[in-house]
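Next come two complexes, and both contain chain A; in the first it sits with chain B, in the second with chain C.
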Partner chain A sequence: MLSFIARRIAAGVPLLFVISFVTYTLLSIPDIDVARQLLGQGAPNDLVEAKNKALGLDRPVLVQYVDWLAHALRGDFGTSWFTSENVLVAIQNRVPVTLSLMVGVTLVTAVAAFLLGAWAGVRRGAVDRFVQMFAVAGYALPPFLVTLVLVLVLAVQLGLFPAIGYIGITESFGGWLSTVTLPVLSLSVNAVAGVAQQVRGSVIDVMRQDYVRTLRARGLPPWRIVLRHVLRNASAPALSVLGMQFVGILGSAVLVEQIFGLPGLGSMTVAYTTRGDIPVIMGLVMVTVVLVVVVNLVVDVLIGWLNPKARVA
Partner chain B sequence: MSETAPLSAEPLSTGVSTVRRGGAVRRLLRHPLGLASSAVLAAIVLGVLLAPVLSPQGPEVSSLRDAFAGPRAGHPLGFDSAGRDVLSRLLYGGRNTLSGVLLALAVALALGVPAGLVAGYRGGRFDAASSWIVNLVMALPAMVVLLASRAIVGPTVWVLMVVLGVLVSPNFFRLVRGIVVGVRGELYVDAAKVSGLSDLRIVGRHVLIVVRAPIIILMALVAGIAVGLQAGLEFLGIGSGDLPTWGAMLNEAFKNIQRAPGLLLWPGLALGLTNAALVLFAAALRDVLEDRGATVSPRRRRTPVEPPRSVAGERAELLSVRDLAVSYGSREVVRGVDLDVSAGEIVGLVGESGSGKSQTAFSILGILPEGGRVSRGSVTVRGREIVGLAEREHRALRGDVIAYVPQEPMSNLDPAFTIGSQLVEPIRVKLGLSRAEARAKALDLLRQVEIADPERVFGMYPHEISGGMAQRVLIAGAMSCDPELLIADEPTTALDVMVQAEVLGLLRRLQRSRGLGVLLVTHNLGVVADLCDRVAVMSEGRVVETGPVAQVLHEPRDPYTRRLLDAVLDDAPAREPWTPPADSPGSPGRPDPEDSQDPKDSQKPKDSQDSQEVAR
Partner chain C sequence: MNRPARVPLALVAFLTAASALAGCGGSGGGAAGEGSKTLSIATMTLPQSLDPKDAIGSALPFFQAVYDTLIKREPDGSYSPMLATEWKYDDKRTELTLTLRGDVKFDDGTPFNAAAVKANLERFQKGGGGQARTLADLQEVKVVDDTHVTLVLKQPNPAMLFYLSDAAGLMANPAAFAKGDSLRNSPDGTGPYDLDAGTTTIGTRWEFKRAPKYWGPKLPYDKVAISFFDNETAIVNGLKTGQVNAALLQNTDQQASVTGDAKLKTIKQEFDFQGLLLFDRAGMVTPALRDPRVRQAINYAIDRKTMLDKIRQGQGAVTSQVFGPKAQAFKPELDTYYPYDPAKAKQLVKDAGKEGFTLKLPRVSAIVSDALAASLQSDLAAAGIKLEWENVDQGTAVKRIFRDRGFSGMVMNMGQSPIDWVVVGELVLPGTFNMFGYTDDTVKDLLPKIQVKDAKDARADLQALNEHLVKDAWFVPFYRMTYLHVSDGSVTIKPQDGMAVPSIYNYAPARQG
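So, the complex of A and B:
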């Protein structure tokens, strides 16, 4: 198992390098005169040149990248060009918000999707049709539209939750819960729909397997067969869908954080990308890719734990 | 937004090759969801195309006097915060939104489909490289990349839509590549190659036809995703600025959510309706192509079981079947089956594939597949009628009175659990033994089925053992609760000849030492001659002849039995009577790592498919 994890991590590292290189190069192509933006349009040319030199922008792009990489490998992601914040500190301040959302969505999705999917796959009939309809509807609606509707109904009309703002979990748990519930709910609809659909499909597949018939022939009670054998075998494909959905959830979080005014990585991305603040964008892209790689690793480990055959591959 | 398509068209690949052309469009329009979604999509496209005609005024015309004004004559949807006509902005906005999506789709198709075709058809280095790139692109959250690219290219929607196209192209690549890899192995493609057609022609004639329908479905799904992403970008206000789009309208409405929440309604509805129509269109098209438009509801109507029409002859104490009929819906697949098995007796049930042997066995066990039911007859086990018995009571008989040895050893073990835990579970549940007692019993069972190293096999997973060993494990499982009647469904068909003899020998020894009654389902007359005391011959769902083995095999009365016997090659050397395997020490059942990697394993998916086919 350890060597399996090591191999998976080793596979993720080149991904980080390639993405960092591609992103840096692409970001450097447009001729945004950062120094002039910082100093104002009327700044004298010698001051602008001095600023460019100070930022290291007078060097070739490749040299800039290698310099960035050398610092990044030591954990130094530089400072924002526009706000002089330390990039790592700025990101660290915002990670808990986004992570709250991600963990919440994953939990809600795992529980709700498995319940709905297994229910539909085992019972079939009317229950199945109901779950399928929900899955199609939940999948069809763009998450931010779902968010808008939820805000309109639950926050603006009924006033059950604050429509905007964030309270840290360390400040007040109740406050945190009230600010996080709606965003998590809005992000979950899409993920639950997708994963429930997969759980349903694989439960139906597993129920048709020969070994399930043999287990029935051994006289085991049906609920035991479903809980112990069917769900375990059906969860591997469902988990990989959940892993893939995670990338999408991360993207949707950008919109949802913006709508709820949550100070997370998503709203940070919106704020900094519009100005072309390369150190901050690089830091954000790296954090995102690391998150994706880690989540995929966790999913792979879980699948390996569930399905002994996958550990070999 | 989710770049992954959980409703992705991949599972389609099997159904689509049988598409009947020409009728597809007509059948789509006859499908209720297909008709509704097509109509909505057509209405949206038409409305957007005719925007200049339908709009009361230009999308940018504003008069602050009308800000937030409600509907009135000529302006059915009212005005927004800047006093612009909502209907006009909706129609013109749809133009911008939908043409952006079309651009993204075109880019995604142009990149994904050819690359997928080549990667799937050629394989090799191009495949490896492109798959790597695709995985890389799929690891990136589209929204973050779009935001980053906006920093690069500036706020031009069209360029962002090209980037979006690149980001969703992996969906098409993976779909096409997957299908092409499947098709490449098909015989008709081999035939085309042999007959000297160029690769280009083969791809054009045989491969494109197969991928066409799934691509249309995926296009609808991806269009839905793209509409959402595009609107999301505009909603963030980082799109094109003043251009009216649905996303921009939502943004403007959201800013005024406290003052005029109704403004969210129309752009939200337009977006939701477009997306839902696209997804439903995809779902309907898939239904139509897979020909499952008329969904059969598995509603179980409890039709009463008819009593047997005749209960002829003396009934055996252990198992006695009279006039058994098994139906799927209104179709009878087994009818009029009479069988008797006494303790200590091996009865063969022979017949060709599809003659209803397995269905008979399953109905005795009460494990008929979904949709199947016993529709007539009487089955007694230990003198007790079990037809019409509550599932709970029937279940109580399984395992400790009637046991089952399946046909295909590898697919009948749960791949997620060790051999040991699969043996221990029924022992604990059915006999209520403690964990340690159950473990001791399981190890003893493994010893009884002549597995050389029980401790080691106990901790192994099914994929780590050979087919012959798996069948021994399944026999051990069947014996685990000390049954009186064993139903073995072609227990050796999937094994190679040497292992077959060993397993049959094992079955016979267990049967003798425990005094078991055995119903042996087989199509192998040699096995019947070796092992059975009596035999019943089945054909087309009926038992055509029953009797002692010697009589049935030497003086068959029924013409079908005679044909069956004639089909055995006369010129082939006669099979020698079965002898116990020469006491080659340890050869049976020693865990052999090489054994488990024999080519049989690689064919497993196919085999299990076959066995399902048989079971159906």
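So, the complex of A and C:
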């Protein structure tokens, strides 16, 4: 297992290099006039050229990339061209926000989807139909609509939650919970619907296996069969979906972060990419790649732990 | 059948618990948890840094919190003393002498004096910032004594006092100039507040706490928090829940969503106008535009009233002039100089012999909506002008337009400064928005007369200039756009003449009851 983990981590290193090069090149193609954006449309051309030179944008793209890489390897990701923030500090400030959403949504999804999916797969009948209806409704509802309704009803109308902003967990646990509850719920509806369907299908498949019939024939209590045998075997595909959704939340969080005014990585990515703030975008991409590699690794390890048949040597 | 109810019940229980915990947390979001002595402002402007040399007008409140300007600009646009107590031009208006306060010090004890003014102005002028050009006419800064300084100008500049009340007038501690880029995130000024580095997250939320030794009159709030948002939906929700105390709304849909809320207080302000800025009056890119009749035809072809009603829900006023109502050059009758007259437009194009010519314009979707693009295209088509849009993203657009000079004009939103010379400098003199350097005899005759007087004294010449620009169709303005200052009811806001956003000094607690 350790060598498997080591090999997966080692495989992530060239991935980082390749993605960093491709990203840097792609970011340089649009030919965004960063200096003009910084100085304003009314800035004279000589000032704009001087600014471009100061930012190093007058050099060939490859030279710029090598320069960035040399600094990045030393842990220096530079400063934002547009806000003068240190890139790592800027990302560090926003990671807790998005991580709160990702972990929150994953926990809610894992608990709710496994409960609903197992419930539907084991009980079938009316319960199954109820869960399926919920899943279809969860898929059909556009996330932005769910988000807006939650904000307007629970925050603006009823005043139960803050409509915007984020409070760090170290600052106030109650405050943190209040600021992440609605965003997490908004993102969870779709996720629960998807994973619950996956769990339901897997549970039904496993329930039909011969060994389950044998366990029943041996007189094991139904709850023990479900918990120890059925769910353990049915969890692998659901975990894969959950893992993918964990990473996917980075993308879907953009809208939710914007509506709730959350200073997270999603809204940051959109804002800085639109401006062409290469140092920040490169930092964000590197963090995202590391996150994807780590999450995939954790999911693989978890699946192997739950289901020995799926282990990779 | 009872069992399925457990899930919704559990959800309700969770929500109740979370909501209750929120109460325990004593706060309700980014701006919540702060006493009534905190002013929470939402903005969609991101300051590049807090170094005065990087200051631009729309980000000025960030800077006003920590820096004082030489001259203070009151909400009505008049000037009053700040770090300079008096100012006087010589007869030729090329020397401006400022008398400075002698009792102001920076936090480290460095005195604010004439040498500090000289260091700041010279640094701003050569600092490469977006507003550095506002001091282009500054030839020399002479230190007379500690409390007197003379600004020697290359030529009279009627906007100089405005600039000294704006970005160019922000005074930082000269001792910080030697510390590299320290001012970018650690501002050091004599202003009413200090940046609270412990609670500030650059790029998201800046918090300023009252400067304990501020020399001037205390502003009403102990703390000021300015939060950056990239959309007005979140700002409106923040206003409705009291997490945001004050903000400016530009989007008409968002404006409509707050006007029915009795708790929120709103004030209208017209600052930006939207229009087609024609750069190519010399016909360098589109030869047809050299003929004034063609430019007039474009003006007659545009159905401004319908565009304003449909695109901005009527929130604004149609206009044919680039000078705003607060400028001396403004003439109310020029707002309607070009009525919607497609037949006349078509005839003018025909008279000029330019029927069917193609006008290619850049389309930046953030400014030119689908509705606006389609409306302009059909209006011009009716006059025999083929309008071609080229989609460009915002980043590429500025390069294609201003550096490559690839287009004859562009549709844009632009502030209407009450200072006439600021408008002249931006739109009439050769420069960014007159990139081909076009001029004519009337303009050449009027500008020298305007330049050597106060705007009030030059009113007749300014109005003559404005009238000429309208009649000769230098531009194609559509309408002035109404923006809405909104408060959550706890704050009174005074709009600032010459800025879309209020100065930091223009907020005060609302009287309750």
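What to note about this one:
Heads up, the rule we're going with is that the second predicted complex is superposed on the first by the 299 of 313 C-alpha atoms of A that agree within 3 Å, B and C clash if a C-alpha of one lies under 4 Å from a C-alpha of the other, contacts with A are read in each partner's own complex, and residues count from 1 in each chain.
Here is the rule we use: a contact is a pair of C-beta atoms (placed from the backbone, for glycine too) under 8 Å apart; a residue touches a chain by one contact, two chains touch by 3 or more.
These numbers come from a predicted model, not from an experiment.
Judged by the touch definition given at the top, the superposed model places A:40 against chain C, while chain B stays out of reach. In the superposed model, A:269 makes contact with chain B only, not with chain C. Touched residues of chain A, counted separately for chain B and chain C, are more numerous for B. Contacts of A:244 after superposition: chain B is touched, whereas chain C is not reached. Within the superposed three-chain model, A:51 lies in touch with chain C and out of touch with chain B [touch as defined at top].
Contacts of A:172 after superposition: chain C is touched, whereas chain B is not reached. Using the contact criterion defined above for the overlaid structures, shared-chain residue A:144 touches chain B, although it does not reach chain C. In the superposition on chain A, the residues of chain A contacting both chain B and chain C are 30, 151, 156, 163, 258-259, 270, 274-276.
Partner chain A is touched in their complex by these residues of chain B: 1-4, 6-7, 11, 136, 138-144, 147-154, 224, 227-229, 231-232, 235-236, 238, 250, 254, 257-258, 261, 264, 268, 271-272, 275-276, 278-280, 283, 297-299, 362, 365, 367, 369-370, 395-400, 403-404, 406, 408, 411-417, 425-426, 429-430, 461, 463, 474, 477, 480-481, 608, 611-612, 615.
Of all residues in chain C, those touching chain A in their complex are 3-4, 7, 14-15, 18-19, 21-33, 46-49, 51, 56, 128-133, 181, 184-185, 201-205, 227, 229-231, 233-235, 237-238, 240-241, 243-244, 393-396, 398-399, 402-403, 412, 426, 431-433. Those residues of chain A whose C-beta lies close enough to touch chain B in the complex are 15, 18-19, 23, 26-27, 29-30, 124-125, 135-137, 139-145, 148-149, 151-152, 156-157, 163, 190-191, 193-195, 197-198, 201, 208-211, 213-221, 224, 228-229, 232-233, 241, 244-245, 247-252, 254-255, 258-259, 266, 269-270, 273-276, 281, 284-285, 288-289, 292-293, 296, 306-309, 312. Considering their complex, residues 30-34, 36-45, 47-48, 50-51, 54, 80, 82-85, 89-90, 93-94, 112, 116, 127, 130, 151, 154-156, 159-167, 172-179, 181, 258-261, 263, 267-268, 270-271, 274-276 of chain A touch chain C.
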